[in-house]
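Accompanying notes for the structure given below.
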Amino acid sequence: MPNDRLDERSKGVFIISVTPFHEDGRLDLESLDAVLDFYIGQGVHGITLLGMMGEANKLTDEESAAVVHRGLARVAGRVPVVVGAGNPSLEAMRRLVRVALDGGAAGIMVAPAIGLRTDDQVLAWTGQVCDALGPDVPLVWQDYPPTTGVYLSASLFSRIVHGSPQVVMLKAEDNPGLNKITAIRAAEAEGQRRVAIVVGNGGLFLPQALARGADGIMTGFGFPRMLVEVFDRHTKGDADGAEDAYDRYLPLVTYEQQPGFGLAVRKEILRRHGALRSAAVRTPGPRLSAADRAELDRLLARLESRLAP
Amino acid sequence: MPNDRLDERSKGVFIISVTPFHEDGRLDLESLDAVLDFYIGQGVHGITLLGMMGEANKLTDEESAAVVHRGLARVAGRVPVVVGAGNPSLEAMRRLVRVALDGGAAGIMVAPAIGLRTDDQVLAWTGQVCDALGPDVPLVWQDYPPTTGVYLSASLFSRIVHGSPQVVMLKAEDNPGLNKITAIRAAEAEGQRRVAIVVGNGGLFLPQALARGADGIMTGFGFPRMLVEVFDRHTKGDADGAEDAYDRYLPLVTYEQQPGFGLAVRKEILRRHGALRSAAVRTPGPRLSAADRAELDRLLARLESRLAP
Amino acid sequence: MPNDRLDERSKGVFIISVTPFHEDGRLDLESLDAVLDFYIGQGVHGITLLGMMGEANKLTDEESAAVVHRGLARVAGRVPVVVGAGNPSLEAMRRLVRVALDGGAAGIMVAPAIGLRTDDQVLAWTGQVCDALGPDVPLVWQDYPPTTGVYLSASLFSRIVHGSPQVVMLKAEDNPGLNKITAIRAAEAEGQRRVAIVVGNGGLFLPQALARGADGIMTGFGFPRMLVEVFDRHTKGDADGAEDAYDRYLPLVTYEQQPGFGLAVRKEILRRHGALRSAAVRTPGPRLSAADRAELDRLLARLESRLAP
Amino acid sequence: MPNDRLDERSKGVFIISVTPFHEDGRLDLESLDAVLDFYIGQGVHGITLLGMMGEANKLTDEESAAVVHRGLARVAGRVPVVVGAGNPSLEAMRRLVRVALDGGAAGIMVAPAIGLRTDDQVLAWTGQVCDALGPDVPLVWQDYPPTTGVYLSASLFSRIVHGSPQVVMLKAEDNPGLNKITAIRAAEAEGQRRVAIVVGNGGLFLPQALARGADGIMTGFGFPRMLVEVFDRHTKGDADGAEDAYDRYLPLVTYEQQPGFGLAVRKEILRRHGALRSAAVRTPGPRLSAADRAELDRLLARLESRLAP
């Protein structure tokens, strides 16, 4: 059953859905249906709603709930759905989590609050979130310092794993971060409770991360099928084939990974796929210039020739 | 009419209201009534709801609207009310502003979004906020780098004043910040549009700021009457009397200004005044230890002897 | 012997010396002699050279060595001297420490390097510093997040105390920071190795810190005698007399504590005391405007009347 | 004459030299000779000593001078040499610049000081540096926010270009940063003084940057010949050939661009080329683990097969 709860054995490609808007900035729930269908058609193993790249922080509470409600209904159990619920307000977080779980979400993702500094503060905050949500909610802990300013060592993660059994997955997006995966897997070999590890960063270093023991990836990217292919080939033992597939898309991976700006690229690619009506990013947010579009045209044309038989 | 709109001639003491919670973290709207009455009884010239020290970011959108609705009804035009509406979501901001203006708010306060870096980015964001809210909404621009990480030079503020006529007040809380007040007043002497300037930081440097040309203060503090006395004496030309009043409370001003922690002190003082049922700060937030309480007891006892005739 | 090495029983007022410059920015070693004599004449129990407020990072390696050499010669064992040696280059640190110890310094102060994030990184860096300097060098660990961006929990400090026996003193300047002092003293009551704790921040919260168990203060301030009086009265059990002395100077304490800017105030006060020929802060650095000078005149005149019998 | 001064028409590949150390952390000047010869053998058009990735901040002033002296002597005018001289101490900067110019350096590179916030502060600091160095020193202004925390808009750069004629080159490493290049070139088309623009970031987005009007690149990378090939092909109008060359190395470009960590990779690659005796990064700094080495082996083997005819 794909909509079972997330656990420490979960794996695969969880695509982070964009949140579609009309050109005038209104939420476009019809396009949400379309883009979710597109993702599933690309073979992803799971979907994440309201990730950071889903412009979650530009939505009202009501809009967030609408996205979760509509998205879960559309996916309808075809793949498990994770809902990003990070919020400086634990009360807002709690209410959104209720909507998510009632709708059949497989798990909840949170990133540490901006302003947490010491290991002890991060640990205390994690405990407060667990208390607020209750012990039955499977949690994905997002390690993404560029936005949060919060840094996670492998030893702090050990304390979290020990203290919060409901943390079942780490979204590992620190950079550099490959040795952290190795360190966590080493701690598990010494008896630490296993957690699933998925990486992110738009796909960057996916082959290396899988070789280090990652269970998959949770990220946005304009060509989800590549992520699926890399994961599948790696799983079947074809590491070189996996890496070949990755390398062919690497110019697009890096281009889409431009901080902040990359989301506009991603939405434009999805629009060109026919998965979005509008590539609009909600204000405040980036817009593509003519030079950007020409650059993207060129990158896509070169991709096409690389993919040609 | 005290509930007229804020403009560039507004002045006085705008107290930033705490947001009361029950011990279990639920919003306590009855105590909101009580604390607003307390503030007005202290002689303040205005009130600000949902400032940063009002724990605004820990409320759901619905709770924020409830605080604004209830607060405006309770104040009932006795003094002008400013509503803090800063939010990474312009849509959430717009909705709250609608509630505020419908309820009779005198103006709206916003702080620049976390992550803005260059002068041009700050200016563009200010324009986006003005566009989102419409030209009729009087705005207070909050300059508070410790939380926002956004820095404002006097020359950038000139560009804002020029480009956004609805910015009628600067909440000046940079530290050091006294020379910025002097620089803005000097620019106005050269023809720049006048704005009201209120300072903050719990009262710190209030006498100096008034001497530099500030029009008042917008801040929280456990003893609002002191702020009123300093302002009134200063206005009447009694600079020394103003500063004497300030100096007597300075140990409490600095104690309440401990970053983050000070809010727990402030709420405890308000509780002791009888203005709050509970001093609870919503999670995540500081709690007073036994050592803190003993320290506060001592500071308050010493204050009392300084005030004794 | 006052120039004995610093240890975990060290206490009192360690004044952080300014570094004097000529108006044109050249180092003024003659004025260093004068200001050191002034400090000792004020009754301080120790002196710190090349603290952050000593503009250490604006000196060349050669100038730093000259300040240490000259300063130690002038103090000549009258009081113990601590030398600030923080430097991103461990090799530069090691060389300066050699100059300091050869000249009779009592200890070395370091602040964690900018860019350290997790507890483990801070611990590892502390170990690297200890390795670089050798086990015989008594270390003061400076906890000053506003400049370093590094945050220290009481539990991380326990790990440092356990792992680095040569760390004999904590310069505790986090804000809020009073509960950290209480927590460290509590851990010591449970058996943790004792360290000396001195606070800083220009004197802010000194009475509270002493009551919490601090052993003294290491800071700059334009009126060192006040710090000595507070410490001495507190030590003799006259807590109220100590706090009265503190309160009289509090307007100056806060004024001098304006981040970055306050150093120009402090140097101007020392110039007025006759302890410096020039109040120049080396470029880049703050300069007092006419408005600043008038403000300072007023604050000093008010101080004088408070001190008048 | 290759050792002519840098000017606004300078272009090509300026490789940022690593600074070699012995295994025990001592500076290895003999290896500096070797690695400089290696770079020149790779066809680079210029060399930069003491860039950020040259571990400049871990050297003493004396060691920095030694690197500059030795490096300039070895290069001996074969290609122009830029010297990184960024330092919180303007006096230390001035002394190193004297060594550099006396030895025949073509220009000096500085990055804005950590802690600068507003456009006005950045502009003022740039003026102070120009004053300190004198008007005859050609300057490269390094725009690298991940380390400096300072952000540069195209409009601020216009003010710098106008106010500081000796700024002849921008090292453009903001990310995203491509539209900034376009904006500066557009301003120049409107009459703004031209500056040379070189990009960095280990080569990332080099084809795009050249198409946007960059004049070259100044960066470190383990395979400098690729950068030269991309530049040369682009210059000859073979944009596709340039991008093909780039794409083949992209997995290594991204791998070496891991923040902080990548320097250890780069030094290991240079060691494997025979250009360094030891890959040691000075403490504090990254070390490659066994897993890292295996990963690098694999990436290099895959590169080799891509390059095979």
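When the chains are written out, they are named A, B, C and D in that same order, and each has its own residue count from 1.
Here, contacts are C-beta pairs under 8 Å (C-beta built on N, C-alpha and C of every residue); 3 or more make two chains touch, one makes a residue touch a chain.
What you are looking at is a predicted structure, and each value in this text was computed from that prediction instead of being measured.
> Looking at where subunit A touches subunit B, is over half of the residue numbers used by both copies, so same, or under half, so different?
same
> How many degrees of rotation map subunit A onto its copy subunit C on CA atoms, rounded to the nearest 5?
So the copies are related by a turn of 180 degrees.
> So how far apart, in whole Å, are subunit A and subunit C when each is placed at the average of its C-alpha atoms?
Distance between chain centres: 46 Å.
> Nearest whole angstrom, what separates the Cα centre of subunit C from the Cα centre of subunit D?
38
> Could you state the distance in Å from the CA-based centre of subunit A to that of subunit D?
Their C-alpha centroids are separated by 34 Å.
> Listing for subunit D: what residues touch at least two other chains?
Touching at least two other chains: none.
> Going by the touch rule set out above, what shape does the chain contact graph take here: line, ring, star, complete or other?
Shape = complete; every chain linked to every other.
> Going by the contact rule at the top, pick out the subunit D residues touching subunit A in the complex.
Residues of subunit D touching subunit A: 175-176, 178-179, 182, 204-205, 208, 211-212, 240, 243, 247, 250-251, 254-255, 258-262, 286, 289, 291-292, 295, 302.
> Quick check on the complex: what are the subunit A residues that touch subunit B?
Residue positions touching the partner: 25, 57-63, 88-92, 95, 113-114, 124-125, 128, 132, 282-284.
> Can you name the residues of subunit B that touch subunit D in the complex?
Its residues touching subunit D are 117-121, 145, 151-153, 155-156.
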